[in-house]
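Have a look at the structure below before the remarks.
Order of writing sets the labels: A, B and C. Residues in every chain begin at 1.
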Amino acid sequence: MIVDLEACNFQQQGLEMYRLISELYPICRSITGDGVRKTLHILQQLIPLEIHEVPTGTKVFDWTVPKEWNVREAYVKNSKGEKVIDFQASNLHLLNYSVPIHKTIALSELKEHLFTLPEHPDLIPYRTSYYKENWGFCLSHNALQKLEEDEYEVYIDSSLEDGHLTYGEYYLPGETDDEVLFSCHICHPSLCNDNLSGIALATFLVKHLSSQSRRYSYRFLFIPGTIGSITWLALNETKTDRIKHGLVISGVGDAGKMTYKKSRQGDAEIDRAVIHILKHKGEEYAIEEFSPYGYDERQYCSPGFNLPVGRLTRTPFGQYPQYHTSADNLDFVKPESLANSSMTYLAVIDVLENNRIYINTNPKCEPQLGKRGLYGTLGGEQDKKMSEMAMLWVLNLSDRTHSLLDIANRSGISFQVIKRSAIALLQAGLLRESSEVIRNDLRAGSAMSLIA
Amino acid sequence: MIVDLEACNFQQQGLEMYRLISELYPICRSITGDGVRKTLHILQQLIPLEIHEVPTGTKVFDWTVPKEWNVREAYVKNSKGEKVIDFQASNLHLLNYSVPIHKTIALSELKEHLFTLPEHPDLIPYRTSYYKENWGFCLSHNALQKLEEDEYEVYIDSSLEDGHLTYGEYYLPGETDDEVLFSCHICHPSLCNDNLSGIALATFLVKHLSSQSRRYSYRFLFIPGTIGSITWLALNETKTDRIKHGLVISGVGDAGKMTYKKSRQGDAEIDRAVIHILKHKGEEYAIEEFSPYGYDERQYCSPGFNLPVGRLTRTPFGQYPQYHTSADNLDFVKPESLANSSMTYLAVIDVLENNRIYINTNPKCEPQLGKRGLYGTLGGEQDKKMSEMAMLWVLNLSDRTHSLLDIANRSGISFQVIKRSAIALLQAGLLRESSEVIRNDLRAGSAMSLIA
Amino acid sequence: MIVDLEACNFQQQGLEMYRLISELYPICRSITGDGVRKTLHILQQLIPLEIHEVPTGTKVFDWTVPKEWNVREAYVKNSKGEKVIDFQASNLHLLNYSVPIHKTIALSELKEHLFTLPEHPDLIPYRTSYYKENWGFCLSHNALQKLEEDEYEVYIDSSLEDGHLTYGEYYLPGETDDEVLFSCHICHPSLCNDNLSGIALATFLVKHLSSQSRRYSYRFLFIPGTIGSITWLALNETKTDRIKHGLVISGVGDAGKMTYKKSRQGDAEIDRAVIHILKHKGEEYAIEEFSPYGYDERQYCSPGFNLPVGRLTRTPFGQYPQYHTSADNLDFVKPESLANSSMTYLAVIDVLENNRIYINTNPKCEPQLGKRGLYGTLGGEQDKKMSEMAMLWVLNLSDRTHSLLDIANRSGISFQVIKRSAIALLQAGLLRESSEVIRNDLRAGSAMSLIA
């Protein structure tokens, strides 16, 4: 498969991703419950997603699938009967996983259950209490300041009961069983960048890849953060060694520069592929070393799995003031940023799909390119010079030990140009395919053994 | 053993070390003789030092233990009978290892045996002539200028005869036979930083470590420079493979920044431990690559031994103008510098004592820290965040291939915090001890083989 | 062999090289033909060169030896019978490998066969058409501008016929069969730096090395670019594994700084030797990574050979405006630059000849240098200090794993000083020669295997 980046109408794709985000925005999601189901059903209208339901109480490694949480209504009323905080206005107002409550209390007691951001007094924070039973409301600090001494009716019509953890999965088979994993989280309520942008981009990738021939098989996970990836890994442990490359998708809709966080392996093919693409993209970018804190790469990169899974975002979580607040809204994500992110993801996939080891069939001295019409066959004068250099590099380094990506990196020429040159040389019989396996040193047998 | 840096009263320790330096300062030491014996006897009042006497003529590798040198009196008198140079005023005045002489000579002949520092006209230089028989006096250049044409009586009441080379040794056993070596030289006369500061710090370490439980055994050597370490190595050759880490202590009393000179191995655990501590200490420091010039690390790091022994000083020898002059006196060393140096040494020992490889007992996905009360159990909000990160790092990297020091270095978190987190995880059953050996690649079998 | 750089009269050598360049300058060379033969015959008067003739049509790997080209006369006359372009004035005027032609044509048709450099309107460019039959003239852009509408008589009295490719070779045997290869190209007409400077330097090296004892054997190739090295490699394939080090010589006469382009191996002994010499030479220099574009290193470093052959020039080809123009003339090359280049080449040879692994016979602690008179035996005070340090380094690192060049690089001391110290230690019995082989990791078995 060759991703034809020029043929792909990214502007159009950006707008479609933005529309999907708009549709999903109002839904109150959590790590379990009907909000997740509703979200996945909407996605099923676009892609043939499989929906899994895992019962409360299921043991998943060191964890247990929690009770399912649902909420119908939640508010705080003052003594005049005015709703001073209302879940209907914004689902962020409710502490996620709040237990049901209905009582009237003084302001002082109420305040113990209110969360604000004094440093951003206009914004509603997003807070959760998954593993410690509690109730609470989030509101802007300005709104808090306006609350007078009064008796307040607190009403949360929620349920926390045995049920299921729900997640979506889609497996797109390719020529081989080797898999590329894309994972996004679906557990945040009305938050656009930190949640919905990843869902939208994953959906776009499914649609795009479905229409292409594929060397790799692709697995897409739409899961609640942390408990979702732990659950999937626990239930699919035997499949994990098929995962040759992976990315956690999230935060791909803001206007910031792209940021890649390396896998724990640090020099896996996915790491080298993403870094190559970002280097040659002509835009600012940032590279972060692996750390065991973040999104679901924490689980994929735990030492017992050590999968080659990195994280490709725009501005990293926690590094923008809108993060986990009501300001991560439909104004914060941009169709053009979504388009730019999706183009980057496709370019990375293009590297993975086309990165092979070829063998120079004529390794003693250079072959005579001129007599085969290989000089100046590709594009204009500047392109010609570059493609000649690319051909010389591919021939010189196709010695069983360098993949095309290695050659691109050593030559400083983009993978796209190296790939095109390799194809021309292959067609001219100057290269043949190798059965050599691409070096992924740290990968092979690198998951921590449990045998002492 | 955990070194409790906060519990140790460093200010007090600095003053005690300074007092010891003051007591030892007037003694005329050399590579052999009664000055060394007197020095070691004073130390014996503080620590149970073993004193060794090695006879003149003993073959020690390519060297021979020299004759023993002692001096009672030495002066130069002018024709009026005035002592113009007097050993009693400063033992630096006498060329160390001067042979006995008594004659009257003209100024011109005398001048051939006088040493000064024209660039520092107030200072008396320190000079020796161990391996070439000679006599001479050292004086300030100003004093030299004042000497008039005259006949001078030169009197040196010294002896250079068969006797012994004397050194002190103290072995402090620990849980294992693996040793940490601390070596300081004791052969300089009235020089404070380049000699006495190292002796004082080594004495402090003996006292401190004696009262602690110890994983390692500790060996302290108080030896004359060069010939002393050569002698010890020759007489203790079979013990040297127990030395797993070592430091040459010297020049630890001046006000300059700390400077670490790496062992010949360059990446031994001692190198990584010292560099880690200096990095996290929050003060300026310098790192030097190994070179075969310097103090006794020259011998410990000779290719036939190649021991992992570095050198931890403040300003390196030769890089301060007071070096090897009468200005390296009691004003030049500072109690607070001695205290700071001793704290650094203890922090390094703390790393060595506690650096282990643990194994994550729950390597597939993260364990649920919350249900074990491991979130927020240690200290304030900032501490809490740091210790959570430290726990995640320890869990993520405890895969049999990373020691706690490796984890500290990769995470950028101080060893102290990593260590505390590891202990908490160990207590919670989330880690277990490993029998894996800490990587010291260059060490294992690295001493130069003598078999061709 | 020790190259005594001080004994060599470089100024004289520079003038002799310049005289040789002057003699060869007028000859019209190409990749085949009598110009090459005449050039080699002149060289034969200086050095006992062997001249090889390879017939047209000989298959050499993917290439075929081309027809032989010769030219007697060539001009363009205007309708007044004036020669407006004349091969006799400069052999650059003729497109190299032009086929014979004689006809009268209009300016417009003529212009399709004229080549100029508009950006350097005074200079005649150098152009070739070896593998596509064509005819043409090169001239200054100013001269082109002066051509008026007219009928022009075009006359090229050349021949392109079966014949031979001619090259020169000289093999200078040494103590071992291991070879050092020096290769220069001889296919350019009146171009001084890009051609003749390399020929002159190679000739000087033959003369110099002939009078020396040699550890290595030396092979000198005077060959047409590309097709010449391909031909030599094809006809001498079985000899290539004797080549342990090599340099392509070219562009060594301009006033620019020296530039080393690494071999494909990148860390071969020749790479380390040249870089060491350039670092310690005290002049500006540049290091380039290998790339598969350039002079004949392209062929020597093709993956089926992967020979440790770098390229040592002054300003690299294409990076000076005189390159491949009439300005690369006798004014552009300087006797002092040629002298400086030859000194650098000899210094590199000195490293190769003397780089050995020695073994410290006394590896446990330092040997006592003083009793052997090894202190201060070599030169002045500063030299003495340096040579003492060099002795300590040599002793410390002569542990079977470091060559003298490794020791020079780790210590930062020049190879010359390290070598002298090693000789002194060897004479004192403190070193012995080792049978260990110098590390050339990437070399051993690194040529691409043809067995799948």
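In the analysis below, contacts are C-beta pairs under 8 Å (C-beta built on N, C-alpha and C of every residue); 3 or more make two chains touch, one makes a residue touch a chain.
Note that the structure is a prediction, hence the values are computed from the model and not measured.
Overlaying subunit A onto subunit C using CA atoms gives a rotation of 120 degrees, to the nearest 5.
Residues touching across the subunit A-subunit B interface largely differ between the two copies, under half of the numbers being common to both. In this assembly, the C-alpha centroid of subunit A lies 54 Å from the C-alpha centroid of subunit B. Counting partner chains per residue, subunit B has no residue touching two or more of them. Chain contact summary for the complex, subunit A toward subunit C: residues 359-360, 362-368, 370-371, 389, 392-393, 395-400, 411, 435.
Touching subunit B in their complex are the following residues of subunit A: 60-63, 131-132, 226, 229-230, 233-234, 237, 264, 291-293, 298-299, 301-306, 448-450, 452.
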